[in-house]
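Dropping the structure in here first, questions after.
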């Protein structure tokens, strides 16, 4: 069987995590979680993965604050953020649409984004619904800004934006996204149409997002699937047909 | 010194209207039995503080009209979706939401724990969280001019309310690695805890249980409440009642559905103390 | 991820000359075996940080000429009296003492743990501790003008060095209620730990041991060293070697006596790694 | 057998602790420790005592910082401080004599005094050696000042000063000590001679420090002695002839 869309995403994200010492994954993030586990499998024991919101995979022992303290200390190399809206300046909105005091839509809230986005070197923006509704010109509420003024303490920031249609790189100098690759089955035209913000398209064409080779697929479907099933049984059952327990 | 041990309804009666009540997230130990008792006693004008997020218990309190403000990093039912009564109340403008971020809540509680008036925090600059917080200050780092940094005033909850697997007769409460509950107890003026069981002996006598124990010194009153987290579960104890939680998430989408859930689940349960 | 496990001499070799080394007090878990190895390797210009006080291990390092500065709330041998080599070095002006107070050291380490640039602390105003600290600042509370408050910059030790009853192969180290050792590990750039024994399994798997465990994430390298606190004891483990400690306190009163103690106790012991 | 000097001190100190909710006692403080235990015995279960530096009686679980945090929170009503020098303005010196950079004498250091003296409402100064060398006009180094300027956050401060010769009260308005009572066997003249600082003597004479009554002596010698022997076996053996173990 050929690679499933989830497996393309998992492989693409794992490529962003290569050689990192410590990857943390937030709650309810099965694809980033699987990607982190794949990166760990490939690291020959040098990559550490913390998966939060999972009792079994939470290795912190100093209460809710430890993830943030740990990230502030520079001990977390990569983290994932999503957003109800993400805009072309990499701002993330997890709060509301419209006036925040009388919103048209209200989302859960910013969680730790207003901090982690500043201190984790590789923050990978991850949003499966790639539409003009989610990828907007300007977010209605900035839970966490994509970039900061000179002088603001900011060792961290956006590294990539991955959606169900494509992968964007981040141009930190120009403070914009640049299309890096288009996932198999999707087109540049579709992406331009479905993206609410302006972004750069490199001259000379945009490659297709690489699909996992057979060895990678084997690792994903055996060792990674087995581990992810312990944390996200429904996801594993749906994608890998892993038996739930 | 022996702990004050009371029935759950009495515990709820000790939490005054208008109090700022710190609550753990759904993945912590939630004192749902006490929350239901708060609703039964008609608590009002509560100011909820999520440490750092709140789920079902907050949505239930909001739906029952007990809440005036919520300060939190998030309100979420996780895999069960958005908090329906919270969302409705925000849209109707019947509660005030003070948006925060997880590390800001932890840090501001640590400031209260340390009895320091404020604490700095990195990040936040350029966010609308900061822009909308009149109570936070952006200053220039006195040690390195040209380095802006946010100062958060200490957060002093009136009440911390949570559940735990066990306590002893001296009021020592075992929370294991759920140390945000210890932080809440240190920071709050009063701490009320429901526990699955009150054990014999002293949790401080075994070095292993001692390491995860809140000393009775910080515990205002305890109630023994087996299954006191229901319909939530307790990590390492029992599982959440997923069917009930899913039904809640469904019913609470409408005011009528919530009212029916409330009547059937909370109001009609005989109060233990009556 | 597996821990880096090395012999004690190698552990000491990884602590560079000139490093700021955070050490626990005598009533904590002291890695005396590693301290003796540091002396054997001729470590120099160390900057000791007492968390919050230092006893025998600091006096030994000072006597052996390994130390340039000491920042601490106290240097004491407790019931064995003053620290004789420390006292002699201070009087001779061969070390610099930076006087602090216990909560200032804890708070400044917490600032490093939280990656915040500074932290306020109450007290201190009008003391000569504050008067002599050019690195601390007295500011007006930005939230309440007219309220002076001291700010401490974060303290970032290069190294934390301590002992513990046990660790596992993943580098998780059990310290129980000795959480100042966890704070040291969080705050320091590198953490070196000697342990009585490396146990099978994973300390994180049991909720009770997990609550008192420093995750391997923070542990740079481990050495297995049964009796590694000797001549100190470890709480809940073995008693201090009181006769040896009393002899040390007596001998160290003179330079010659200390030299004899050093030769007999430290220098002539065969290094495990040689 | 009549009251021993230690028993007079224990009784006098216990009187200062009556009705308090939480008394903390530092390391190596057997007489204050015994006084706190006596106060607890008399409290009918309403007084909590934390004895530090004792494994068995340390009820804190949040590391070395907890004592200070707890005191800052207002959860400790009384604490004890000593000093190599104490002066007439209640300043305490735990650091050095002479120039601190090249001292004539160097002591261990300030421990937590520079903080606890500010935040614990009743700090009881305790110094068994009452001589002009220890009770001085002006300390050489202020580890913790007796009093603070207006505006300085200071819910705590000196409550009493007790020595082997007498008990002083603290006049917070005048920022001076006032002799409260003279221990049995000592005289006012001796105290004036042996005190390096000026202090107030109330008109109308100074009473003798009350000796414990028989009931109190009984409690000290049985229940208190038994508990203190677990923490300070040498002290208990010397004073109460309690068998060591």
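Brief remarks follow.
Residue numbering begins at 1 within each chain, and the chains themselves are lettered A, B, C and D in the order written.
Just so it is clear, contacts are C-beta pairs under 8 Å (C-beta built on N, C-alpha and C of every residue); 3 or more make two chains touch, one makes a residue touch a chain.
Since this is a predicted model, take the numbers as computed values, not measurements.
Computed from the mean C-alpha positions, the centre of chain B lies at a distance of 37 Å from the centre of chain C.
Look at where the CA atoms of chain A average out and do the same for chain D: the two points lie 59 Å apart. Centre-to-centre separation between chain A and chain B, using Cα means, comes to 29 Å.
Rounded to a whole number, the gap between the C-alpha centres of chain B and chain D is 40 angstrom.
Within chain A, the positions touching two or more other chains are listed as 60-62, 65, 68-69, 72, 119.
Counting partners per residue, chain C has 107, 110, 114-116, 121-122, 147, 149, 177, 182, 210-212, 236 as the residues that reach two or more other chains. In terms of which chains touch, the assembly is arranged in some other way, matching none of the line, ring, star or all-to-all patterns.
In this structure, the chains touch in the following pairs: A-B, A-C, B-C, B-D, C-D. Listed in rising order, the residues of chain D touching chain C in the complex are 27-28, 53, 55, 58, 60-65, 68-69, 72, 94-96, 100-103, 106-119, 141-145, 148-149, 151-153. Interface of chain B with chain A (complex): residues 25, 27, 51-53, 72-76, 78-79, 82-83, 86-87, 90-91, 93, 97, 99-104, 106-107, 110, 121-132, 146-149, 177-183, 235-236. Every residue of chain C that touches chain A in the complex is listed here, in rising order: 1-2, 112-116, 182, 186, 204, 210-218. Here chain D touches chain B in the complex through residues 22, 45-48, 59-62, 65, 68-75, 119, going by the rule given at the top.
Within the complex formed with chain B, the chain C residues making contact are 107, 110, 114-122, 137, 139, 141-144, 147, 149, 151, 153, 176-177, 207-212, 236.
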